[in-house]
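In the two complexes below, chain A is the common chain; its partner is chain B in one and chain C in the other.
Right after this comes the complex of A and B.
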C-alpha cells in the first residue's frame, strides 16, 4: 500500500522531464530557425542607424519611418503598384497551372494511351532539368513572339502543364483514389470531362489547393524570370522592386527594404494560413495513400 | 417481351496477353437474379464489367433487351451498378448522389426530386437524404448505392460483390433486403460474389465460373445436387465435398463397382458410361455421412466404415469431424454431424455412407451420369 505511490510519482516525473527536454530542444531549434524572420520584422520598425548598431531584437526608438518611406519607394510608383504587378501575372499563372496540371494528371492517371510510360518518364525528367538550361532558348523564342516586356512569358507556358512537378503531384494523389467513383459517374452518364469536373475535382481538392499555393508562393518569390523578361520599371513585381530599392542609392535604407520585405511576405502568409488545413492534407495524403 | 433479357455470345476479354474471359455464352431471362460465383481471379467481376460497358470485350457480342450493346456507352445500356466500395460521391449529399445520373441526363429538378424521394422511400432512406456519405454507416451507404440504381430505372441491375465490405450481421440483413428488392422490382439482376451463402440464397440461377469459362449454370439446388464436374462439386457446398480416388471394378446396368483404398462401393447409377479399369473420383458431401444411431443397419444402400477421429470442430449447431478412414482414402475426410456431439480425438467412430448420395466423376473430372449437355445448352 505504502510502496505503490513512489514508483508512480517517479514515472510521472520522468515523463514530465522527458517532455521538458523534448519541447525545450524543439522550441530552441525553432527559435534559431525563425530568428532571421523575427529580426527582419523587428528591423522594419527600427531607424536605419540602429539596424547595424544594436543586436537587440526590440527597437529602442520604434518608428514607422521605414514602412512609410518604403511604401513610397524611390521610384515614381508606390509599392502598391509592384504588389498589383505581381498579382497581374501570378493570378493567371496559378489558374492556368491548376487547370493544365489537373487535366494532364487526369490523363496520365486514368487513361490508356500508347507510350504512356515513356511520356510520363519524360515529364518527370523535365522536373530534373535545371531551369537555367532553358533560359536562353526560351528568351529567344519569346523575343520572336514579341512578348518581351510583357507578362505573357511568365504565365502562358503554364497553360501547357510545363510544371512537371505539379502534374506529378496530382498524378500521385489520383493514384491513391480508387477509380470506382469515376466508373459510377460514367454509368450515371458522364463523359470524361464531366467525370473530371463533377467527381474528380471535388475529391482531389486538397491536391489542387496545394498546387495553387505552391505556385502562388514560388511565383511571388520568383526573381529570375521577371528580371529577364521585364524591362519597364512600371511593370516590375515585388521581388524586383525590393532589389531595386537596394540599388538606387549607395546608402541603402535597410529599414525601408526590410519593411517592404515584411509586407511582401504577407500575401503568402495570409494565403497559406487560409488554406493550411487543405494544404497539409494535400501534401501528406498524396504520399500516404499512394 | 425481351426487356431485361441479357444475352452474351462468345464473349472474350484479354488484358494484353492474358485471356481473362475465354468465350462465354449465357442467356439471362428477364426478371432473373443470376449470381456469378467462382474463386478469385476467375473473371466473374470482369464479366460483369463487360455487361456494364466499363470494359469492352475483345470478342463476341452482348445484348440487353433487343439491342446489341457491345460497343454502347455504359449510361445508354439500361444498366445500373452497385460497387463493392459503394463508390458514392463523397462531396454530395445522399439525395444528390441518388439524383446525379438524372441531373447529368438533364431532367428537370422537380422530376429528379420526385424520383429520388420514391427510391428513398423504398429503401427507408428518407431521413438521411441531406446527409453526406461519410455520416452514414456501411449498410446505409450500400442502400444509397442501391438507391442510385433504382432511380435510374434500369433494365438490369449489376451488383459487384456488394456485401463484402459489410460485417457478418449486416451482410445477412442486406442479403434479405436485396432479395426483397428483387421480388418487389422484378427487374433482372446480375450479382457477383464469392460467398456461397449469398449465391445459394439469392440466386434464381447460379453461373459458376472458373479461369474465364463457365463451369455450370443452374438453379442453386440443382448445382448442389447434380454438380456437372469436380470443380463445381468442390466449389458449391461448405465444407467442401470429400473426394476419393478409385478404379472401376465392374459396371452393371444399374450400378458401378468402384474400388477405393480397401473397400469397394456399389454405386447406383442412372445413366452415363464408365468402363471397368477406368480411373474415377468418388465424391461425398460432409453432410451425407451418417454417424451412430442414424445409420440404418438394414439399408443395403448404406455402408459402414471404421474411422479414427483426427480433429473436431464444434460449431454448436453442428460438429465437423475430420476422420481418417483408411478403407476409403489416404487423406482426411470431413464429416458434418448435426448437433453438438462429444467426440474425442484419437478415438474410433463408425460412419455410414449412403451410396445414393455419392457422386461419381470420370478421369476428366466430369460427373458420370450428369447431363453435361446442360452446360452447352445455353449456347443454342
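Right after this comes the complex of A and C.
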C-alpha cells in the first residue's frame, strides 16, 4: 500500500461500488434461483396451453382448474388423503426422534462411562454410512416382522436414535453449555432424569426445535423408503402420490401436476418461514462449533 | 459430569439397540447376501451360497461399469461446483449489507425444498421439450435443446438441481466466515497485506475445517443420489443418468436380484468409505485447527 492515505471521498466511492456489485450478484443469482418456483406457482393458475405458450409469469386467463383437478388427483383419493398419510408417519417420527436423540445425547454429553468413545465414534460413522447398503436387509427384516405396507418401518427405527446426525447436533449443543446449573440441581437432590427434564430440556430447547424441524422437512421429502415399503395407494404419502401423478397425467395436464407440486411444498414453506432461524442454527451447530 | 456408568448406559441404550438392530445387523447381512443368489420373492432360507459369483458377474457387467462411470462423473462435477459456488456466494453475503437476512433466506429455501419429489417433478417440466428453459432459450433467440432426451445433457439437469441446493453449504460457509476474528484482518491490513494475500493466508486457512465438513457431507450425499435420476430422467436416456443407487434399487426391487444388488451396495459403500478415509487421513495436512481443543471425546 502507498504511504499516501486514500482520500476519504474515494473510500466512500469504492465502498458504494463494492456494495453495488454485491447487490447485483445477489439479486441476479436470487432471481435465477427463485424463478422456477415462481413459474411453478404461476403455472398452477394457468390453462395448459398458456404454460407452453409464454414465458410471462402472470396468467392471462387465470383459472383454478389446475388446482381443483390437482387436488382431486386422478385417483380415487383426494390430495387431502395423501397429506394426512404423510403426517400419519411424520408426526410419530418427529416425536420419537426428538425423545431418543435427547436421551442419547444427554448420556453421551454428561456421563463418564467405559467404551463411550467407541460408541460415539460409531454414531458419527453411521452418519456417513450410505443408506443403500442397509436398505435390502432392512426390507427383508421388516417383511419378516409383517410390517410391509404399514408405516411402522418408516418411524419405529427413529425410537432408537438411528439418525446419528440429530444426536450429534444435540451433543454439540450440550457441550457448549456449562453444567453448573445441573450440578446445583443435583446438590438440591434431583436425580439425573429430573435434571434432564427440569434443567437441561428448557436450556436446549433451540436444539430440540432444530431437530424436530429438520426431521419434519426431511421426512416430508423422503421418497425411497415409502416407495419400497408402501404398496397400497390409499396409504401413499404426498411424495409417492406426486410420482404417480406424473406417470399418469404427464403428457396432458401440466397445470394439475404443477399445482399438486405447489400444494405439496406448502407445509415445508410454512414451517420454514415460521422458524427459519432454527434451521440456520441447526445446520451450523454441527460444523462450526465442533 | 456424572460418574454413574449404569445410568449412562441406560441413557444411550436406545442408540445401542438401534445400532445393533437397524444398522450393524443389516450392514453385515447385506455383506452375507452379496455372496448369495437370493431372490426377493423367495423365503430367506432358500438363499444359496455363491462365493464370489456376484462380484465376478459384476466384473463383466457393462451396465455396472456404465453406472459406475456416470456416478463418478456426477459426483466429480457436482461436489466441486456446489462447494465453489456456495463459498463464492457466502463471500458476497459476508459483508455489512442491508437485506442480508433476506438473501440468506432466499438462497436457503431451495436447499430445504430441493430433496422433495415436488421439485424433481418441477425439474422435469423446467427441462421438458416445451418447458421453461427451452421457452427462455427460444425467447432469447436460441435453439431449444432436448435436455432430457439427449444423453449428453440429461445428467446435467440433475447436476443443476443439486447445485440449486447450494444453500445449506453456503449457510455453513457463512457461519465459518463470521467466526473469523476481525482483528486478524485488521492486523493484516496494517501490515500491508493486499486482498488476495489476506484471502489466501487468513480466510482460506481458517475456513478449512468448514470446507472439510462440507466436502465430506456433499461427497457422501452425492454418491447416494436417487430421487433425481429416478424421477427426472428414469436413469435414461441410454443409461446416461443410471447412477449406482438407482441400479441397486432396480436390481433389488424391479428384477428381484437381491444378492447382486447387495454386492453392488457393498461396492458403493466401499467407494464412499474410501473417499471418507482419504479425506480424514489427508485432513492433518490441509485442515487448520487454530488451537487444540481441550475436550475431544
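Going forward, the second predicted complex is superposed on the first by the 255 of 290 C-alpha atoms of A that agree within 3 Å, B and C clash if a C-alpha of one lies under 4 Å from a C-alpha of the other, contacts with A are read in each partner's own complex, and residues count from 1 in each chain.
What we mean here is this: contacts are C-beta pairs under 8 Å (C-beta built on N, C-alpha and C of every residue); 3 or more make two chains touch, one makes a residue touch a chain.
Keep in mind that what you see is a predicted model, and the values were worked out from it rather than measured.
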{"item": "First (chain B), second (chain C), both or neither touched by A:178", "value": "first"}
{"item": "Partner chain(s) touched by A:199 [first = chain B, second = chain C, both, neither]", "value": "first"}
{"item": "Which of chain B and chain C A:107 touches, first, second, both or neither", "value": "second"}
{"item": "A:126 touches, of chain B and chain C: first, second, both or neither?", "value": "second"}
{"item": "Contacts of A:14 with chain B and chain C, given as first, second, both or neither", "value": "neither"}
{"item": "Contacts of A:221 with chain B and chain C, given as first, second, both or neither", "value": "second"}
{"item": "Greater residue coverage of chain A in the superposed arrangement, chain B or chain C", "value": "C"}
{"item": "Which of chain B and chain C A:190 touches, first, second, both or neither", "value": "first"}
{"item": "Which superposed partner A:274 touches (first chain B, second chain C, both, neither)", "value": "neither"}
{"item": "Chain C-contacting residues of chain A that also contact chain B", "value": "183"}
{"item": "Residue numbers on chain B that touch chain A, as the complex places them", "value": "52-54, 73-76, 79-81, 83-91, 100-101, 104-105, 148, 152"}
{"item": "Residues of chain C defined as touching chain A within the complex", "value": "1-5, 7-12, 14-19, 21-23, 25-27, 29-30, 33, 44, 89, 92-93, 95, 97, 103-110, 112-113, 115-119, 121-126, 130, 132, 135-136, 139, 164, 168, 171-172, 175-176, 179, 192, 194, 209-210, 213-214, 216, 220, 223-224, 226-227, 230-231, 244-245, 248-249, 252-253, 258, 261-262, 265-266, 268-269, 272, 276, 295, 297"}
{"item": "Complex interface listing, chain A residues touching chain B", "value": "178, 180-181, 183-190, 194, 198-199, 202-203"}
{"item": "Interface residues, chain A side, partner chain C - complex", "value": "1, 18-19, 22-23, 25-26, 29-30, 33-37, 39-40, 43, 52, 54-55, 100, 103-104, 106-108, 110-114, 116-117, 119-120, 122-123, 126, 128-141, 144, 157, 159-162, 167, 175, 179, 182-183, 192, 217-218, 220-221, 223-224, 228, 238-240, 242-243, 245-246, 254, 257-258, 260-262, 264-265, 268-269, 272, 276, 279-280, 283-284, 286-288"}
